[in-house]
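First subunit A sits with subunit B, and in the next complex the same chain sits with subunit C.
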Partner chain A sequence: MFTIRGAAALGAAMLALSTATALAQSASQERKEIKKYQRMTAENSPVELWVLQGEDLWKQKRGPNHVSLERCDLGMGPGVTKGAYAHLPRYFKDTDRVQDLESRLVTCMTTLQGFTEKEATKRVFGNADKPSDMEYLAAYVASRSRGIRMQVSTKGPKEKASYELGRALFHYRAGSWDFSCASCHGTPGKRIRMQALPVLSSKAGARGTYTTWPGYRVSNSQLKTMQWRINDCFRQQRFPEPNYGSDATVALTMYMAVNANGAIYRGPGTKR
Partner chain B sequence: MNSKSICLSLGGLAAALIAAQLAYADPTPMQVREVLHRDFHTRGQANITRVDQDDVQYLCTVTHNKPSARRVKEMEAEQLATIRYPADGNYMGNWKRGEKLASTGKGMTWKDKPGGRHGGGCYNCHQLAPAQPSYGTIGPSLAHFAKVRGTSLDAQKYVYGKLYNAKAYNLCSEMPRFGTSGSLTEQDIKDLVAYLLDPASPVNK
Partner chain C sequence: MARPMKIRARLVGDYTDIRVLMAHPMETGQRKVKGKVVPAHFIENVTVKVNGKTVIEAQTSQAVSRNPVFAFRAKGGAKGDKVEIGWVDNEGERNSLESAVD
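== the complex of A and B ==
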């Protein structure tokens, strides 16, 4: 797998292909990379880089068990990625909990591939130089729900409880500066500096925003996942740090996803 | 109806009420707090105890920021009592320093150095100097604030107090309590008072 250094600029990727990659890699590998490059230019968005890398990772035999994620059950049956993201978070019988995409991927990495949970979550948030496996995988799986209507269920008792916990968390004021999520995302027409703030407790706000995450952020040349988005909101809220994939973070995702129900998923998106 | 059947029907009613409550029960702030203690961890200066609510945070959460007038009156008085005014009776500092504080929102996050320099982050939520186009709108515009409020000693004291503890004036305000929370020092607050009220400040140009 070639590394995406400075993947923001397509030009940089092309340069990498024509120089370093060409020298370092076999002809067949190079043809594969060029094909990738053509596809990504066709899409004209750096998001496609993450989607393609994610697809590679999904199909790669990895971990102590040397198996791919192609039997991973994201809720639509083992190996089904089509539409999975538009139905997440959801209740999973095997873990007896409601899971979002990222916590579910951790489950598959541990149960199928044999990674420990510590290994699977060691580096979930990447940087501009080196994105994380989770970012690639999240981009790929999310892309497989493009054009599909958001349909997240609250029928199961744990799903309903997760939604209610998410709503309560959204309005819970605490921390050094007394903020809740609603302090910034609860009233229409507000912004921080020049950045408009979506009202995530409303249908319109959640639909517009949730359906474009995960998202490629031009400002830091990285693709960011929903778990990262929630983590960084809590940082700015002056809260302690949420545990990755914890019930609290899944509940907040559940709250936003259900509020976005009925909208067409169109991510991974591109952000400022 | 004998007493036994009344007991039974009361029992039935209670059971029905409990069932109804379970069906619609949202987690209480206490339950949310337990979840936060389980699912969050201390990082840097952002200690886990930050998820514990004080009286103001609790009341504003459970009432959706609309407590009864009686509670508001009582608790605003309590918050007012937390304000420590400058011993020298001087509220106005240096507006140029205040401008820097108003422009940065650093401080108190798990990435910020404890004890490091903080900002007021004023521009994140307020319009201030009319010449600065990058401002937020969560709070009201404070452009030409000296013209709106005047520059009397009372106005200076009010602005100092509002910056020190915004909850003393509007209990469920979204504005942080910069003095009470230890985010800004007495001098910082004085400099911000000057940035807002000094006729020479860009806010009043």
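== the complex of A and C ==
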């Protein structure tokens, strides 16, 4: 009895102490704790399971044509996945447009495997119970660029235009809240609840963020792709929902990717 | 592809660091989707064998997260030792994977 009461009293004292400490904690210490949590979750992250499934899916013969994606050209030549993600988005001659990883995968699914575009994009965002094929594939292809330096080109005229469009969209204020991407991601020190928001127009912010997406969300056991991230940012801004793989979403990806140029890709990462 | 697993076993000084990732829904039986209870479906037993000898037998419950990661430290060990990890869930489904210490 005594020990139980003692423990309860100690518990209460510790709670009071921890509240006081929490209040006294500086912002930098808080950031340090978050970093520690991120390090812990990054080790052996379940993201590996998506990579394994994605590799399997990449090699599986699928679609009306009954072929795998192993001949899919992601910009490094047919079937080359190594380093492809670190060079995307880029201009593709066959489609005459700038494409990110996901829109390019849709192209491969339609041209190689024979799916219609509608079939290929029917279920791109999965849930915890049933992740989507796109999430598996994105995780696998992105993982093949680990340790490779981000090198997204703006040399081509369409690539340059896409980057400029991305920059314009990033700062474009609209919607019922008169929001732009820059409202949250344009000045340092902003956050949503416990999430510090990176300044994506800065080199440091874009590098830290872009090189860890796609990401596994620990809080809801799902892998999220970059297209999903942009789609959900549009929702949070109360913008109309963008089309999957549209020029607008690719341009925003392009803007972030170019800002992250020079950094080593280390995703798919682990998120809160 | 069945529920995938991934093992990493590494010799660190005088112990072996064994980490295993397994894909599993780990349903608690408490969750409802559209008013209907999702039946409990979780890993009940995890066995770790080193060179065929059982070194860890663990009973797990609904308290373990979806897609769990387990880490163990085993005393001793040598490079090339075979590590086999297997699980059984409450529906009798099972999976196992073998890897070598490096």
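Keep this in mind: the second predicted complex is superposed on the first by the 229 of 272 C-alpha atoms of A that agree within 3 Å, B and C clash if a C-alpha of one lies under 4 Å from a C-alpha of the other, contacts with A are read in each partner's own complex, and residues count from 1 in each chain.
We adopt the following convention: contacts are C-beta pairs under 8 Å (C-beta built on N, C-alpha and C of every residue); 3 or more make two chains touch, one makes a residue touch a chain.
Note that the coordinates shown come from a computational prediction; the quantities given were computed from them, not determined experimentally.
*Asks:* Where does A:118 make contact in the superposed view: on subunit B (first), on subunit C (second), on both, or on neither?
*Replies:* Neither partner.
*Asks:* For A:128 in the superposed arrangement: first (subunit B), second (subunit C), both or neither?
*Replies:* Only subunit C is touched by A:128; subunit B is not.
*Asks:* Could you tell me if A:165 is touching subunit B, subunit C, both of them or neither one (first, second, both, neither)?
*Replies:* First partner only.
*Asks:* Go through the superposed model and pick first if A:180 touches only subunit B, second if only subunit C, both, or neither.
*Replies:* After superposing on A, A:180 lies in contact with subunit B but is clear of subunit C.
*Asks:* I want to verify the contact counts: of subunit B and subunit C, which reaches more residues of subunit A?
*Replies:* Per-residue touch count on subunit A favours B.
*Asks:* Kindly classify A:239 by the partners it touches after superposition: subunit B alone (first), subunit C alone (second), both, or neither?
*Replies:* First partner only, subunit B.
*Asks:* In their shared complex, at which residues does subunit A touch subunit B?
*Replies:* 164-165, 167-169, 171-180, 183-184, 187, 189-195, 197, 234-236, 238-243, 246-249, 251
*Asks:* Which residues of subunit A touch subunit C once you look at their complex with the stated criterion?
*Replies:* For subunit A paired with subunit C, touching residues are 43-46, 48-49, 52-53, 56-57, 128-129, 221.
*Asks:* Please give the residue numbers of subunit C that touch subunit A in the complex, ascending.
*Replies:* 1, 4, 6, 8, 19, 21-23, 25, 65-67, 69, 71
*Asks:* Can you name the residues of subunit B that touch subunit A in the complex?
*Replies:* The contact residues of subunit B facing subunit A are 25-27, 29, 31-32, 35-36, 38-43, 46-48, 50-53, 56-57, 60-61, 64, 108-111, 123-125, 133-138, 167, 174, 176-177, 181, 183.
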